[in-house]
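Each in structure tokens, the structures are laid out below.
Two complexes follow with chain A in common, the first pairing it with chain B and the second with chain C.
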Partner chain A sequence: MTPFPASEYVVLPIFILFLGATLAGALIAVFTKWIIRSVCGLALASVGLAGMFYFLNSPFLAVIHILIYIGAVCITIIFAIMLAEPDEPTDAPGQHSLSWTLGAAAAAGGVFLALALLGLKGDWPAPPKQVSDGSVENIGVALLTSQSLAFLTIALVLLVAILGAIAIARKGRHME
Partner chain B sequence: MNLLEMHQNPSVYLVLAALLLAIGLFGLIRRHTLVGMLISGELIFGAAMLNLMAVNRFFAPDPTTGQVFVLFIMGLSAAEVAIALSIVIAVYRNYQSIQTNELSQMKG
Partner chain C sequence: MTTVEPIRLLLFLVGAASFVGLNAAYLVWVERKSAGRFQRRAGPTEVGYAGLLQPIADAIKLMSKQLIVPPGADRFLFRMAPVMMMPPAIMAFAILPFSEHLVAIDFNVGLIALFAFSSFNVIAVMLAGWSSRNKYGIISAARVVSQNVAYEIPMMLVIITMLLVSGTLSLTGIVEQQAGAFWNWNLFNLAANPLMPVTFIIFFICMLSETNRAPFDMAEAESELVAGAYTEYAGMGFGVFFMAEYANIIIGCALAVILFFGGWHSPIGVFPGVIWFLLKLYLLIFIVIWVRWTFPRTQFYGLLNLSWKILIPVTLFTFLLSSVMIKIF
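Entry: the complex of A and B
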């Protein structure tokens, strides 16, 4: 199949858009003061990550990522924000002390440098011959045959998590 | 590195995943509320997923395995959010606050 003429000039801006959305969303999620804006940053980063999954040959995971992260995780966090008051008070002592922030930045920067060097300089093997194309059909077959243990385990984990969440949060209708 | 072939280059994805992990770690240390720390944790989950997908796309013989793995991580993170937010609600009910420096009591 011959590609669309000059298609790379269309693909590159879309890729950079998703890359920028991921980074900007993550930075907004971490640096903003109000938690509700932080959730919006998480949603933006999720859109960017879904685009990254699309570029990594997996449109199925892109759809699932938007469905779970924006449709379930962000909405649940917004519910929790409405039920609790998670904003950080501005006048509390010891908050955002400069040394604490600098220490956090140093730790995160160290982790980033180490992992980025590993990714760039690491002795990665040559791409092997691919035995399947990773389509949705292949994922479905794998989930029910070779990967069925993962499928059953995650079903069990989700069941236990739902039961646990109900058990922890249920005695809340009557405040004493 | 050819800029036009940027989306075919595994280094871009690996460095982006490392950067997401670093940002999430920074937020996890810096935030003083439970919900803020939870959001940073979600960023770290996203970094893990991106890293797995990049390695799966470029260096694995069977691209199906990594996608099943990422689906597993998504399920885990959804379960984690459900549990963590119910704990947040329970803590708020007892303390009227979810500031981490006020949560200093344990009761068996």
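Entry: the complex of A and C
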């Protein structure tokens, strides 16, 4: 598909929209007092990140990102909140003391400085080309050859998670 | 196609939005008419010939109502929930191929993209129920998520089975493989999987459940939960949810047509493809309506038992079976 004339005037605002969604979502997730709004912020940031993946020529990753983060992670978190949390904003006074704030600022600033230095001074390889078209065959081949370790590790982690859930659930049945 | 790209996209956008609006309005009319017929009464008759102007009257009524935000509700999320529901549904129409030419974006991961867009639906209903601070709403939100999580698993297993059979994620690619006479449709593709009709029935059951249609409409069981998550919504806030629900039904049925019924391919070789696509689509939608007014609502544990104890084992079996069949033949 050839780009249509003046497409950069359309593409740039969309990119800024996704960038803004990512940042705004992250800020909402951190600063809001209602925990359910934090989850909504997380969902918004996920949509923004999915847009970033799309701009990086990875539509498969973008779509999977939405499917996993909004379709599964956010819904599970909201479900857990609905079962557990009273929906008033909570004030946790002990955590807002000066030393906590300074410590958090120092830690966050340190990480930010390190990442920024890495980004600016690091020895980056050549800009990656699009290695494949993201078709099912390519993903399958990658999962079973070069990425097989990650694939098996994920399988193992999921197995452990399922076993743990079953173990906890079985114990709960006999409480009453 | 010779149309300039931005104009083509704009046309498709307007087309998708008006298709959703028109269908939502007139599927309500079809639903009310057929509900009337199933219950041996006439359905809407007063406004226009055979009640044909009834949806327009309903829309004017909905738009003229005052929008009320209940006190104590989370105002922002309460307003955002209907907004979150509608755009993903319209975006999904951009990927659906109505015929070999009538497709806005031929997305190479269209099948997964459809499911990604439909996952917004759950979170929107859940936020609507939670933010309205209403006990019916919260019960409905809890139900909608457990139901959707339970039925997402057999649905995804069916999708993986179909992916094995077709080998592509592109919706147009899937349809093109079913070209020719009707025995090439995936529904009758018994060489790939002898249990293909069973797979389709499981897909259909999961689709009914994911779109919260009876007999699985636990989320808005009006005899026990008033209107579930939508109880507190007045006027067009409710109208948007309603439109999005019908849009999701259309998307689910269109996906069934694409995956199992050969998309736009004609069984006898006359008429252009889009007519056949719409014919199959509306036939399936009519079956959805028929099921709703024929079967009573299930109970909630029955719903979850059906998913975990019957649908998931059966889909796992058909999945294994089609893997083996593909390897052998």
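Everything that follows uses one rule, which is that the second predicted complex is superposed on the first by the 142 of 176 C-alpha atoms of A that agree within 3 Å, B and C clash if a C-alpha of one lies under 4 Å from a C-alpha of the other, contacts with A are read in each partner's own complex, and residues count from 1 in each chain.
Everything below uses one rule, namely that a contact is a pair of C-beta atoms (placed from the backbone, for glycine too) under 8 Å apart; a residue touches a chain by one contact, two chains touch by 3 or more.
Values in this document were obtained by computation on a predicted structure and should not be read as measured data.
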First (chain B), second (chain C), both or neither touched by A:Ile66: second
Partner, of chain C and chain B, that touches more residues belonging to chain A: B
First (chain B), second (chain C), both or neither touched by A:Phe79: both
Which superposed partner A:Ala43 touches (first chain B, second chain C, both, neither): second
First (chain B), second (chain C), both or neither touched by A:Ala26: first
Chain B versus chain C as contact partner of A:Trp34, first or second or both or neither: second
Which superposed partner A:Trp100 touches (first chain B, second chain C, both, neither): first
Common ground on chain A, meaning residues reached by chain C in one complex and by chain B in the other: 60, 64, 72, 76, 79, 83, 87, 133-134
Chain A - residues contacting chain B, complex: 8-9, 11-12, 15-16, 19, 22-23, 26-27, 29-30, 35, 38-39, 41-42, 45-46, 49, 52-53, 55-58, 60-61, 64-65, 68-69, 72-73, 76-77, 79-81, 83-89, 92, 94-96, 100-101, 103-105, 107-109, 111-112, 115-116, 118-120, 124-125, 127-134, 138-139, 142-143, 147, 150, 153-154, 157-158, 160-162, 164-166, 168-169, 172, 175
In the complex, chain B residues that touch chain A: 3-7, 10-27, 29-36, 38-40, 42-43, 46, 49-50, 53-54, 56-65, 67-72, 74-83, 85-90, 92-93, 97-99, 101
Chain A-facing residues of chain C, complex: 4-6, 74, 76-77, 80, 107-109, 112-113, 115-117, 119-120, 122-123, 126-127, 130-131, 133, 138, 141-142, 145-146, 148-149, 152, 163, 167-169
Interfacial residue positions of chain A with respect to chain C in the complex: 1-4, 10, 34, 36-37, 40, 43, 59-60, 63-64, 66-67, 70-72, 74-76, 78-79, 82-83, 87, 133-137
